[in-house]
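Please find one structure pasted underneath; my questions will follow.
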C-alpha cells in the first residue's frame, strides 16, 4: 500500500492540523467533550456540528438508518446556536473548525462572528440535503454560495465551503466558492436518498428523505474531488465514504489535500487512530507528491 | 415479506410485459440472442442496448470495474446502429423495448423510425453520464428532453424517458418528459462516479469517470422514484441497485409501476427467475395496492 | 458498517401497569442483555429510546408526544424496533437492583433471568408500583414510596441502610438521575462505587453512536453506544452526571429538569 | 456482487517467443485453471483479454494498438490484471491438446500441470513455433507448419489422423476459429464432439459478463463468463461459431476476418 511520511506543520486550506484526517461535521460534534475525545482518538482536526443563527431541535425521528456499507440521515440540523460557543472552552488552541449555516449572507456572517478567536477556521454548510431554507438550498445557487462565502471571509479566518453533490455541475459551486474568497472547498456532503420499510410501508426516516453517507458514496465523492481539483486553484478537502487508509490515499490521488471522515466512526470509535496507523510510515511518500497524482 | 399475486396482462407505461421485472438497458443487450436468453431466464421484458444514429465502438478499456455491491462503467455507448435491427428478428412479438439515443430531436426520431413494428416501445437514453454530446448532456436540459420525447412520440409507440440523477432536480426532467408526451419515466441511470487504483495511481476506467450502478445506488434511485411519483401523472419505472424481491417491493412502494434490473445479473444469470420466484405468491397482494403505498 | 434494521413488530398485548405506565408486548423476541435498549419507531410521530423490559416488551411512562401516541395504540398496531442497542449491565455473582419509578423496566430482565438477589423499588405512591408481584416472587423485594402509601415511607436510598451493601458484587441502578446520584454517593462512602452500574438517560437522536446528541461531559462518552450503563467510578468523574443534560438542540438543561 | 480488483503487477521478465509473440512474466502469481483468462489493463491505452499462459504470465501476439504498446514495455513497467476470469478447461484422464499459433498459450498450463498427454501444435512457419522445448519435454508433441519449414507440412488438423483420437477423454483446442471448426468437424465425424473443449475469442468490453459484447448466437452464451471454453456439442448447435463474430460496436464481421 502507498503510505505517507509524517510531516510537521500539516496545513490544508489555511488550517494547521495534526494529521490529514478530519472529523466530518455533524458526527459526534455536538459537544466540546465529544470533539475533544475524537482529537484524543487520533483525529488531526475536528469540524463541529453545524451551528446556525437560532437553536433548532431538528427533525422528528427516525433520524438515522444504518445499512450495510451506508448510512441514511435526516437530523435536520439540530444545534444549540450561540450556546455552543461555551462548548469550545475545553478545546482551546486545538485544531477546531466551526461548521456554520444560515439562510443568507448576513446570517452566515452573524454566526461566524461568534466564533472569532475560538476556532482555526470555518466550514460553510451550503450542502445539507434535508433542511428547508438552508444547506443545499443555498448550495445549488452559485450566486448565493459566492455571497455567503464572501460574508464569512470578512472575519479574516480561513473559510472552507462544503459542497453538495446533488447538483448538475459541482464545479460551478466550487468556482463560486473560490470567487467568494474560500480557502478550500470540501466535497462532499451527503447524497439525497431514502429507504422504505417494506414491512411498515413507510420511509424509514421521519423526514421521509435524507442524506446518504458511508462507503456507498465513496465513488461519487471521489469523482467530485477529481473534478474540483481540476477546475479550481484552491485546495479540495475530500469527504464521503472514507473508511480506510487506502481510501485516504485514493482521495488524495484524486486531488484532496486532506480528508474528512464521518460515518466510519460507526465501525470503531478509534477509527482515526486505526487509519492514521496504517496511513503513515517511515517509508512513506510526501503528501505533496500524492495529492492529485492520478491526474498524471 | 410482502409479495405480489401473479396477474394477467401486466402493463406499465403502455407496454405489456410478462412480469414486473425488466432487463435494464446496456446489460447483456447487444444481441438478439442475449436478450432472448434473459427473457427465457425470467425477465418480463427487456430493454436493448442503447442504439444511436451511427455505429460507435465506445470508450477504450477498462470499461467496467466491479466493486463490492457496486459497478462502475464507462462503455461509451458502443452500438451497431441500424445493423442492430436484424438482431430483433429472433425476438418477434416478445416484450422488447428499444433504448435509443441521439444528439438532437431529429436523430432521436430517425433512430426510432428504424424500430417501427419491431418493438413494443422506446426508452430514450437522455441520461448516460459519460458520452460526450449524448445522454445526460441532453437529460440535464429540460427543453431538449421535451423536444426529443415529442419527436419520438410521433411514432405512435409508447415512449419511456430514462432520467439521470446527476441533476439538481430530477422532477424538472420528469415534468419535461411528461409534457413531451412520454408514457413513463425511468429512474435512474447511473450516478457519475470514479475510482482510482492507488497502486497504479490512475483512474480505473479508460474514460476516467463513469457511471455507478448496483446496490450502492439503490437509496438514491428510490428517492428519485419517490419524488417523481409525487410530481408526475405518468407512471414511473424504477431502476438502480435492485437485487432482491424485497427491493422490487420497496421500489413499487415508492411509486414504481415496474422495475428494471441491471447490475444484479453479475450475481447470477438467472436473477430474474430468482427474484420472480420470491416476488410472486398465491397470498400476494395486487400490484396496484402496493404501487406508491409509502406515500400513504 | 452493518445494517441496524428497524424490525416491524405487532403489539400483541398492552398491560396497564400503573395509571401512567403501560407495558407493550411484541409478537417477536429480541436477543439482549438486561440494560440494553431499543429505538422505538412510532410511525408518523418519532423514534424514541426505551429499555427492553423483557425480550419482547417495553414498559413506557407517558410523558410527552411520542409516549402519548403509544398509549393510544391497540393490539395489532405495528412499531419499528431497532434492538438490541448499547451496552447493558454486567451482573456479578450477587446482584442488588435499585430502581426508581419506570427505572424498574431495564432492571426487570435481571430478575427474570434469576440474576438478581435483592431488589429495592421506589416510587411516588402505591398506585405507581411497577412489577410488584413478579419481582416479589423472583427477588428479595423491598419497597419505598415517597408518600408512604406502601412499604417504607421515603426514598429508595433509605432502604440501602437496611441491607449489607458490601455483600453484593454488583449494584445495578436505574431511575431519576438525582436518585441515582444519591445511590452513588452511598456506594462511594462505602468505598464500592465501582460495584455500581447506572443506566443513564440522555436525549438520543440516532441511538447508534454517530450523531453526538447523547454525549456526556467531560469525556464525551456516548450514552447510546458506550452506555447506557456506566460504572460508578466513571460517573464520579463526570462533571455532568446529576448536574445537567442537553435537550434536542444540544443546549444544556439543569438537573432539576432531568427526570 | 464481489469486487473484481485490477491487481497491479510489475513485468518481471519479457521472453521473445517468436518474431510476433512475447511472453510477459509478472512479479506475482494468480490461482487459475488452464483456459481461464485475465483482463490486461495497459495504462492509458486499453484493457484487453489474454489467456493465462501460466500462473504468472501471458503470451501475446502483436496485432494492434494495445498489443503494440505492450510490446514496447520493459521489465519493471506495471500492468493491471483482473484474474482469473471465465471458465477454463475441464481436463479428463487422458488429454489431447490441439493449438494453432498463439492459441498454444492457454493450453500450455495443461502441459505444465502434467494434465496433457499429447500436444498437436500448428503454426505458420518454424520461426512462429511457440513453447517447443517446454512442450516436447512435458508432452508427446507433434508439429505442423503451414509452409512445411518444420514438422508436418500442412495444417494441424492433418496431425489428428496420425493419432488414436478415441483414446483421449478430452480434446482441448485453441487457435484460429476456422482451424477449431476443422477440429470440431473431425471430432464430430468420429462421434466424439462432446469430448472437445474449445477456447473461443470474441470482442470483450467488460470481461465480467455484464455488457453483452461477447455473446454467441443463438443462445446468447457469454464467452467471457459462460466460456471462454465451450464443449463441442454446444458449438455444433451454434449458428455463429466459425461463421461470424461481432466487432467493438456489435456489428457482425464474417469469419474470414476472425482470427
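Remarks
Order of writing sets the labels: A, B, C and D. Residues in every chain begin at 1.
One rule holds in what follows: a residue touches a chain if its C-beta (ideal position, glycine included) is under 8 Å from a C-beta of that chain, and two chains touch if they have at least 3 such contacts.
Predicted model only: the values in this text are computed from it and were never measured.
If you average the Cα atoms of chain A and of chain D, the two centres end up 51 Å apart. Taking each chain's centre as the average of its CA atoms, chain C and chain D sit 69 Å apart. Distance from the chain B centre to the chain D centre is 35 Å, each centre being the mean of its Cα atoms. With each centre defined as the average position of its C-alpha atoms, the distance from chain A to chain B rounds to 33 Å. Multi-chain contact residues, meaning those touching two or more other chains, occur in chain B at positions 67-70, 199, 202, 215. Contacts between chains trace an open chain of neighbours here, each touching only the next in line.
Annotation, chain-chain contacts: A-B, A-C, B-D (touch as defined at the top). Contacts from chain A toward chain B in the complex involve residues 1-2, 67-70, 72, 140, 166-168, 191-196, 198-199, 201-203, 208-209, 212, 215-217, 219-220, 222-223, 226-227, 246, 249-250, 253-254, 293-294, 296. Note for the complex: chain D touches chain B at residues 1-4, 6-8, 39, 41, 43-48, 78, 80, 205-213, 215-222, 225-226, 246-252.
The residues of chain A lying in touch with chain C in their complex are 26-38, 49, 55-58, 60-71, 73, 75, 78-81, 83-84, 90, 197, 199-200, 202, 204, 206, 214-215, 262-267, 269.
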